[in-house]
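Shared chain: chain A. Partners: chain B in the first complex, chain C in the second.
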Partner chain A sequence: MDDDRTAAVAIGRGVSKRFAPDAPMALDAVDIAILPGRMTGLVGPDGAGKTTLIRMLAGLIAPDSGDVTVTGVPVDRVDRSLIGYMPQRFGLYEDLTVIENLRLYADLRALPLEERADRFARLLEFTDLARFRNRLAGKLSGGMKQKLGLACALVRDPALLLLDEPGVGVDPVSRRELWALVRGLVGDGIGVLWSTAYLDEAEQCDTVFLLSEGRVLHSGLPEDLTGRAAGRIWQAPVEQARRRAMLREALDLASVIDGAVKGDAIRLMLADGAGRDDVAMLEQVAGGPLTPATPRFEDAFIDLLGGGPGGTSALARDYRTIADDGGAAIEAVGLTKRFGDFTAASDICFSVPRGQVFGLLGPNGAGKSTTFKMLCGLLTPTEGTGSVAGKDLRHARADARQSLGYMAQKFSLYGDLSVRQNLRFFAGAYGLSGRAAADAIDRMIAIFHLEGQVDVNSGGLPLGFRQRLALACAVMHQPPVLFLDEPTSGVDPIVRREFWSHINGLVERGVSVLVTTHFMEEAEYCDRIALIYRAEQIATGTPDELKAQVGRPDATMEDAFIALIEASDARRQAA
Partner chain B sequence: MMRGRRFAAMLMKEARQILRDPSTFIIAFLLPVMLLFLMGFGVNLDASRTHIGLSIQDDGAAARSLATSFQNSRYFDVRMVGTASRMTDALIAGHIRAIIVIPQDFGRQVAKGGGDIQIITDGSLPNTASFIAAYAEGVRAHWAAARAADGGAAMTPPIAVSSRFWFNPELASRNFLVPGSIAVVMTMIGCLLTALVIAREWERGTLEALMATPIGMGEFLLTKVIPYFALGLMSMALCTILAVTLFHVPFRGSIFGLVAISSVYLIPALGQGLLISAVFKNQFVASQVALLTSFMPTMLLSGFVFEISSMPRIIQGLTYIVPARYLIPQLQTVFIAGDDWRLFLPNMAVLLGFGLLFFLLCVRATRRRIA
Partner chain C sequence: MIGPRLRAIILKEILAVLRDPRARLILIAPPLIQFFLFGFASTMEVNNIRVGVLDLDGGQWSREIIERLAASPNVRQVVALRSDDELRAAIDRQRVIAALRFDPHFSADVAARRGAMVGAVYDGRRSNAAQIVSGYVERIVGEVGASAVPRMMAGRGGRSLASHWFNPNLEYMLFVMPALVAVIAAVSALAVVVQSVARERELGTFDQLMVSPLRVHEILVGKMLPPMLVGLVNVTLFVILLPSVFRVPLTGSLPLFYLALLFYLLALTGLGMLISTLSATQQQAFLGMFAVVVPMIILSGYASPIDNMPGWLQVVTWINPTAWFLTISEGTFLKAMPPGQMLANIWPLALIAAGSTLAASALFRSRME
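Showing the complex of A and B:
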């Protein structure tokens, strides 16, 4: 470790920060070293202190105690052109063009004039933005903005590159491209710190720091951490109809600390110290033999943070059972939406039977939200029809809306109202009153563990709690149909597990769910998926059917996503 | 050298943003024009063709001659009645704004060298009331003067009475409203626009990215101050040209004097804008605060529209902390009277003092924030 220290490009020694005297520690005696030519990952749940630590390394926040050095010099005196920093929102000027943004940052970082032409050409080629050099940054897609943000941070070879959650809200294709770009830089000897909520990214780093509540829980090779779950991960194939019930039963066993649906199988993590007997018991539940599976970084992460939630959802336990009326719960028939000559969604067709989860996947701006809004009755389709719970969207909009619970992509509760006031408002909005409303509110507070926060304004809640409250508001009136638009965006894996245990539980009660997500492992929970790309529905099927189209036996959902999109691009080019 | 390039790049960036952002353009050029038109054409504090009632209680030649003067006045639209009491209802209903009474013994009084008339105005509209009173008195004085002159044609009068209003002989309110609106325009650009653009950098996260580059906070603030200073002066020039060409407002001072007083005023305006954005970092809040603390006081408390000397004591005291209060008299002077450095210099000194205070507070606020 001492050798590392002398070689490290950036070092934080015992850094602590508290933003207000009565606030909890944002960072508590954190030690971190970033080595040149290495990809260092920074992971942790929301509010763990990742952004604070990165800002400290960039010299934007001074620690209360401890010290930060970059290239051996205290960070407040270091030549800042040695630090490349990409904040969460990229720091681009939206009313400047691509090339103007690059020029501005080149001048700010004092890139010698004679190197400029060469460097810009290389950066534009490397980010594939050369075609867009004169486009305003504000008119770029999310993935392109992210690449331009990176190019601006790299305009002069930094010694240290700090990337604050570059993957948030960006689709897998863009994420994978960015990862490859940064990987290439590491080869040039730059020290990179990559902060992320995607644990599959952390897994591929050379070193990871796992932060929780301001403390470093683990630092070292990701494999070292993954190793703690070795021998405890098992997979069992199950028939499709039974997988949710099976997962619930398995998670209710004390010996199982985490589990997830993986297409036509369930994947489980046993508690530390679980033995053969426990595996035998699980085999009984699963009704077949278990096969050991490779542990992933996420397993270890969840293990280190104390395991996931149990299997039985308290929300589902109290939910009414939705009767089967034989018809489809959600139906889209040729839904098309045009804005002027721009087609946002074209001929979207699918049908979701009662008690199933249907996923809409696709890159940013592909048309998922448009489809969603048409089915909610928030947008009138240009062509086609849709129905929710048997009610036609064109003629019975209000009725259709009363039968669905909607959780919007952006936090859409009243930030200035407290948790209880929000719940009370939504109870009223959905027509609950008196005893029924009071009961429903108390139930939601208990189910979503909001007891400690009832009087806090919802705008000030941590992200995980905000999302819980948003889900609570959407399901309070026990609708037969649930629409969830990126419900788990930005929340940590444990809260994501909790959400899916509720969703699975509700589905067992007969609720039908339409969901969008950027997390490919969440797509595995869906009964069927439609992949939407450039307004077109390019593929539809079960998760395993989509994976099978890649043609490799071990293909992941992400591989399927990327392969299908590339195939669509190839077809488009051929045409 | 390096610093120079950085600086030039930031100024260039700011200039591009100003040119591309329609809202900046609207605030800096369209709004001043609208304000000027509003002040030049729409708002008129002069009384013209006001409905009044005239009650003649004397039927002598003098009274009839004065009544004709009122009827011929271009300021009044006169209704004749016998008694004042019959007009009261019309006054209350707002059909007329004043009642002029020419009393019974008017002819005798005039013959003795007097001749008072009674002017009853509607006190619920104090501005109109005082204008009417002044104008009615003016009509009477003019009539008396003319009468004296007529009489004097035969006996050569010892003195000729002629009234003169210095600097603004037409007494046109636009001559002081239009220069005053330049103060409002410079306040909008210096304070409101500057507060908005810096708050925008906080909101969009660009300031965070900038702070991680070698640029210093002081340098950054300077690259904001310079373009908006220039924009403020350009807007001032536009207003001046329109004022002189379109509204025929006289310009008796020097261009140097005008630029000097405007430049000095922009310092506290910009300082206040920077301070607001440094404290609030949010465009919506910054705009509200800027409107309340700079735009509104400039409109209401600077003597631009409302005479400070006719405000209640406490409010008069409040006007001393409104920077525009020190600019309005300078602007009105430079247009209507000419350069008067004995008036300019003390006011400029006060404005510089405000500027210094705002910038010091601003440095404190930003230092604490970046911590």
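Showing the complex of A and C:
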């Protein structure tokens, strides 16, 4: 390690940062070293301290204690042109064209005029943006924006390249391209730091720093961490209708510390020290043989955090049973939305029966949000109809709304209101009053362990608690239908597991769920999925049916996603 | 009976105003700042004045005038001057705002009924204050003259004695404070209401609100009530402070004043909702508010009388709620406006309120997507 340190492009030693005297530590004695020619991953959930650490390495904020050196020089005195930094947002000037953005960054970084033509040509070729040189940056797709951001960070050959969540807002296809581009740079000897909240990206890095609540939980090879779950991951095929119940039963066993639905199978992690007997017992629960599975980085992270939650959801236990009236819980019939001559969604058709989870997948801007919004009544469809719990959205809007619970991406709660005030508002908004409202609020506080936080402003809560509160506000009135818009973006895997154990429990009670997501593992929880691309519904089926279309037995959800999109592009070009 | 949904949103909107530090500032700061600003500015000008006196006479009548001057509540100090040079220097250096000069034979002239003269020098650099002081001096000298020569008032003096009804001393504050009520109500209510929808849009809570079973009218009532309450509290504060602290006479009908206030606030919040519904961010909403509030105040007659504006602009002021309410406020505080006159100014306000509220709800409905 000492030898590595002398060769490192950037080193942080014992850096700590606290933003307010009574705030928790944003970074707590973090050690990090970024080596040239290696892809270093900075992994962790939102709020773990990733951006703070990156900004420190870029010399934008000073640590309270500890020191940062880049190429052996303290970061506040280093030649800034050695550092390429791509911030998460606001890195580009959206009202300037691609080439103007490059010129601006070249000016800012004092790239000599005679080198520019040559350098711009190379960067545009490298990022495949030459065709778009005169397009406004604001009009580029998410993936292209990130490529341009990368090009801007590379206008002068940096020794250190800092990328703050380059994968956010980018569809899996573009993400793979971006990853390949950066990999190429690593080959040239640049030290790259790639930060991400996606744990599957961590597995592909050469070195990983796993950050959680400001502390480094693991540093080194990703395999070293993944290794701790070796031999404890098992998979059992189950009948589709039974998989949620099975997962719940399995998770309630003391020997199982984590588990998730994987298409037509459940995937479990056994406790350290579990033996043959435990596996045999599980086989009894599953009603079939268990097969060992490859441990993933996420498994190890969960193990490190002490395992996931149990299987039985307290929320579901108290929830009413939704009666089966034979009709579809959510139905979309030829839903189309046009804004002027732009079609945002075209002829979307699907139907979700009672007690099922339906997923909407697709790249950003492809039309999944538009579809989602038409179904929950936020947008009026240009053509077609949508209904929720048998109520037409156009004619019985208020009734339809009473039967749905809604939870959105950024946990849209009132940040200046306390936890209790938020709960009270949503109870009232859904027509609960008096005793019924008070009972519902008390129940939510108990179920989601919010006792210590009732008087705290919800804006000041840690992300995990905000997510719980958002779910509490959405289900307090026990709706038969739930709309979830990227419900677990950025939260740590434990919180995500807990969230899905509640959702699975509710679904067993007969609740129907429509969910949009970017997380491929979240897609696995769905009974059926519709893939939306360029406003069209290009594929619909169970997760396993979609995976089967790739033609490889071990295909992941992400492989399926990419294969289906590429096939759609090929069809469009042929036409 | 208010249903649970309406109750929930009203409570939420009130809390949103009270718990957001920025909104709280908007609530308290502008009225307080204006209050003290105007309060102090006006006391500095009219009261606390120093008057110089060069008494070359030293007789009974010059002393009488000087004593009365010193006893006036507006005069802080009477400065005795000893020569014309001293008088000039005192005005030059702004030690005094006015100086009186009594000729050596002043009392003798009065006694002989020859028509005595008092010389007065005012500091023209402070023209407003000087004019008011000149009013005081003239009155005091006139009174003394009248008591010395009882026939003088009715006599052939030939001088007109102006007397200002409603505001005998032309006290700036008596005139400006009732007008300020209209301005404060506009600024405080608008500042709160323009944020209400824009804030939710910016923070992303608006969708959450729209998917809830809250009806449009419930959302509108919930969002318009707190700003109206804020306006009501601010104005009530002024209604209490104006007569008690600033001694502005409250002479009109208070119930009619509050009826007018209700329509005025409704008109304002409707207008604010229009701005808020059209804004995507809080910043846009704030800029939108200033774009509206400044012309509203200028065209209200607060700064310059509407009668002096060109004809077409006077027509524009008909749809300006501040103009109508300004008339009502001045009528209530100074003029003892009769109820019929009040009502004649209230019904246009009611029309404007209905128009702006309907427009706001129509726009809100159409922009629900």
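In this section, the second predicted complex is superposed on the first by the 571 of 575 C-alpha atoms of A that agree within 3 Å, B and C clash if a C-alpha of one lies under 4 Å from a C-alpha of the other, contacts with A are read in each partner's own complex, and residues count from 1 in each chain.
The rule is short, and it goes like this: a residue touches a chain if its C-beta (ideal position, glycine included) is under 8 Å from a C-beta of that chain, and two chains touch if they have at least 3 such contacts.
On a predicted model such as this, the values are computed, not experimentally measured, just so you know.
Visitor: With the two structures laid over each other on chain A, which partner does A:C349 touch: chain B (first), chain C (second), both, or neither?
Guide: The answer is neither, since A:C349 touches no partner chain.
Visitor: A:R109 in the overlay: touching chain B, chain C, both, or neither? Say first, second, both or neither.
Guide: first
Visitor: After the superposition on A, what does A:A230 contact: first (chain B), second (chain C), both or neither?
Guide: neither
Visitor: After superposition on the shared chain, which partner residues are touched by A:A58: those of chain B (first), chain C (second), both, or neither?
Guide: first
Visitor: Touching A:V73, do we find chain B (first), chain C (second), both, or neither?
Guide: Neither partner.
Visitor: Using the touch definition from the top, say if A:N457 reaches chain B (first), chain C (second), both or neither.
Guide: second
Visitor: Hey, which residues of chain C end up touching chain A in the complex?
Guide: Within the complex, chain C contacts chain A at residues 3-5, 7-9, 11-12, 15-16, 19-20, 203-215, 369.
Visitor: Give every residue of chain A touching chain B within the complex, in rising order.
Guide: Where chain A meets chain B, its residues are 55, 58-62, 79-81, 83, 85-96, 100, 103-105, 107-110, 152, 162.
Visitor: Which of the residues in chain B come into contact with chain A in the complex?
Guide: Those in contact with chain A are residues 2, 5-6, 8-10, 12-13, 16-17, 20-21, 204-206, 208-215, 370-371.
Visitor: Flag every residue of chain A that touches chain C in the complex, lowest number first.
Guide: That would be residues 373, 376-380, 398-399, 401-402, 404, 406, 408-410, 412-417, 421, 424-433, 437, 457, 483 of chain A.
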